[in-house]
């Protein structure tokens, strides 16, 4: 296609967008509302997924230190634990710390065991890089000397992982379903608008226009409608996410939890929404006119 | 130039509009197609630019064999055939100027040529002052003249006009006839379906009388009229 | 019956189609409206059934004052006025029968009456055999006749016909003229815009020649023709 | 309106639905997809809300029984506790039960205190009818004799209630937003389809039809499209919910958690979806033709 011809197609499509006035507005707003819905849900679901991951990563392995361990032994053990591949962090929690936790949960009666009466062990708390590695890390930790016991919530944690896995799968399915829905609704709207212009297409064909000569302006028009329609939710979502992000992060300060960083997440989402708008707009209109081109 | 042999056209609703039609028209001829309402004139004409394809028989226009013609080739056939449709078929969202220009853009002419030629043909049909209007802002006769302007813009080898004066007052109609005569003198084949007996009888040309989907009379320099 | 006083009509695009028109038509008259293409005939006619409202002046049809007429009353005006539109205006998704029947359902006639009368008028215009077809399956002349059938179905007090024979062969056109004459004899006012000089000259009636949006000539039993 | 006229309008609308073929399919599928989306989300969100409530209700008040209490005192206390307004259930947990729990959570070291060495108290565990009543119930329980201590998670539980309240509010906002979206998308689709029939409406008007004579068939047609469009998601959601319900409930058997019972929840959802379809279909088309009636 010559550059001049391409220019003409673009001019034609702009003219058509303007002259279709009301119809353009209807199509653009359908795209906008659909993508706003889909974009918001993707943002929410992806962050829920992120929280799920954070919760999983919050599961830690507790390594009870043998009462017989000297300070050097304990240091050596810490070194060993830190050297395990998937271990990210090793935190020491003394028997006194442990007892205060018990007292917090089960009541002051345990205050009796304060000081030397404390039956508890000192503990190393390990955080693993990937939640899946938890069981493995526990097994490895058990091999070291001066380890009295290793504990990671066992069945409870496995159950948590299972639930989170389900949450993640369901979220993924919902996102895919949402994208399909958006594609369908946008394509359907474009199809109806084009259907109302079938006589025009037939006349163009009768006047001797080739299929591509007719298709290009419609394709560009569809892409523009999709693009303009996507700009609205993209702007809205970006604004809300950026403002909301700071507030929520402040709120979550000091916890293990956090939202997805706007870079890259928000950028990816924006690209996705614009891509859906432009691609479905153009492909949808190009496919929709097909059946009216057979004159 | 145009040759139809043993052509039948049955519409999906079961009506046989063309019922064994044979005809041959040479390059540069001027042919009137007459006949009662519903005789099959428009259907006959639609088969020349392949809006309709015959159910049976062969249609040849120039080097194009219309029955076996690939869908891709159809636009190129249509560029050689200018058509004035009975119902005008103007593009509602384009102005008068753009409607005529569109037919030329389709062929790939450059903008300057288009600009010049569009104004020229609109002037010929007396509508130079309405170039900026949209079809629904025009009177019936004005719309018909835009359709005529569009059909002749590309200087087609064949000009088909289905009832081109039906909405025109006699004076304007005669102006259009002069125009068609002139175009015909430059070598364009003209096929014109008409109910205007005045015109047919005064400007004598070959007359094809269509009745019940057949050529009932084919007479060089004949009068308007058909048995019925 | 119909009285227009000092009427002006300027369309939104700036064109003044009617430019100081005065006319009065009595019940039972048969009036031809002639004039060149774009003179304002259709606009004049559209003001009688209030498709267009004058920019200035008064229009009275029977007891209706069309300029101040409330939107709610418009349908009742239109039931007294049958219109054959220049572009037919058939409902594309209704069959021939249903198109005619619709105009009667609107008035609240009962189904039996509708059934009978619809077939009757379609027979009058020679289309009884096409009742089941859709408008796009009809030839130009057939569509025009459906439009005529619909306009007369309700036996309106005024029948307006904008170019009702433009797509008809002379024979069918004369048939339609006979029909209109008959309806006129039964007391219906008939206003017919036409370019058909044959008809105007042979069946003499009052002639209104419209030019540049004004009545240039108003002659009882006059000939077709206008200065220009 | 006479019954006969009404009949005619219905017949007209059915004819139109049939003859519009492709356009009807497009409109119906737009309604179906939109309501499927909205219906699914409402089902999911309402159940998440239900789970949130279950979690809240799972917060219980622990009443530690004084070591000095005789059996009668304990019975009297139980009676007193059961008599508190918002208390739904009173469960007894002996000191031995309590100790096994501690052992389960903190390790075998606490095995030392088995039997008479057990420093723990017997406990009454109260479940309140409404989570908000928790603090109040705890206060009242403290007043009774032979109560050593009362404990309900205090700050932790308050925090939980807060989070759940947010979850519930966000869910409510999302549901309202979803319903608005559905209304907009359906009305928009109907509007576009009617826009493509404006010439028809204008012709009807020119032929002398009153506004209501034109409006009725369009209104009925819109209602039918909405109804048919809603039937599809209603059937799908009902099927999935009923099948899914049994499975999930089986899975959750023995926990405090449960899904919303199909009766009344599913019935309400079905009614809501059908109502959106029918009302928006009819009102939407009736409003959309308004501007074309001014001829």
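In this document, chain identifiers A, B, C and D correspond to the written order of the chains, with residue numbering beginning at 1 in each.
Heads up, the rule we're going with is that a contact is a pair of C-beta atoms (placed from the backbone, for glycine too) under 8 Å apart; a residue touches a chain by one contact, two chains touch by 3 or more.
Because the structure is a prediction, the values reported are computed rather than measured.
K.L.:
By the touch criterion stated at the start, how many steps lie between chain B and chain D on the shortest route?
P.N.:
So the least number of steps between the two chains is 2.
K.L.:
Tell me, please, which chain's centre (mean of its C-alpha atoms) is farthest from the centre of chain C?
P.N.:
Chain A.
K.L.:
Could you work out how far the Cα centre of chain C sits from that of chain D, in whole Å?
P.N.:
Centre separation, chain C to chain D: 62 Å.
K.L.:
Please compute the C-alpha centroid of chain A, do the same for chain D, then give the distance between them in whole Å.
P.N.:
Spacing between the chain centres: roughly 25 Å.
K.L.:
If you average the Cα atoms of chain B and of chain C to get two centres, how far apart are those centres in Å?
P.N.:
That pair's centroid distance is 28 Å.
K.L.:
Quick check: what residues of chain C touch more than one other chain, meaning two or more?
P.N.:
none
K.L.:
Considering only which chains touch which, how would you classify the arrangement: line, ring, star, complete or other?
P.N.:
ring
K.L.:
Which two-chain combinations touch?
P.N.:
A-B, A-D, B-C, C-D
K.L.:
Where on chain D does chain A make contact in their complex?
P.N.:
Spelled out, the residues of chain D in touch with chain A are 22-23, 26-27, 29-30, 33-34, 36-37, 64, 98, 102, 105-107, 109-110, 112, 119-121, 149, 151, 177-178, 181, 184-185, 188-189, 191-193, 195-196.
K.L.:
Contact residues on chain A for chain B in the complex?
P.N.:
4-5, 8, 16, 19-20, 200, 203-211, 213, 294-295
K.L.:
Looking at the complex, which residues from chain C come into contact with chain B?
P.N.:
Of all residues in chain C, those touching chain B are 11, 13, 15, 34-38, 41-42, 86-87, 133, 137-142, 145, 162-163, 166-173, 195, 197-198, 224, 228.
K.L.:
Once bound in the complex, which stretches of chain B touch chain A?
P.N.:
Listed in rising order, the residues are 49, 51, 71-72, 74-76, 78-79, 83, 85, 89-93, 102-103, 105-108, 110, 150.
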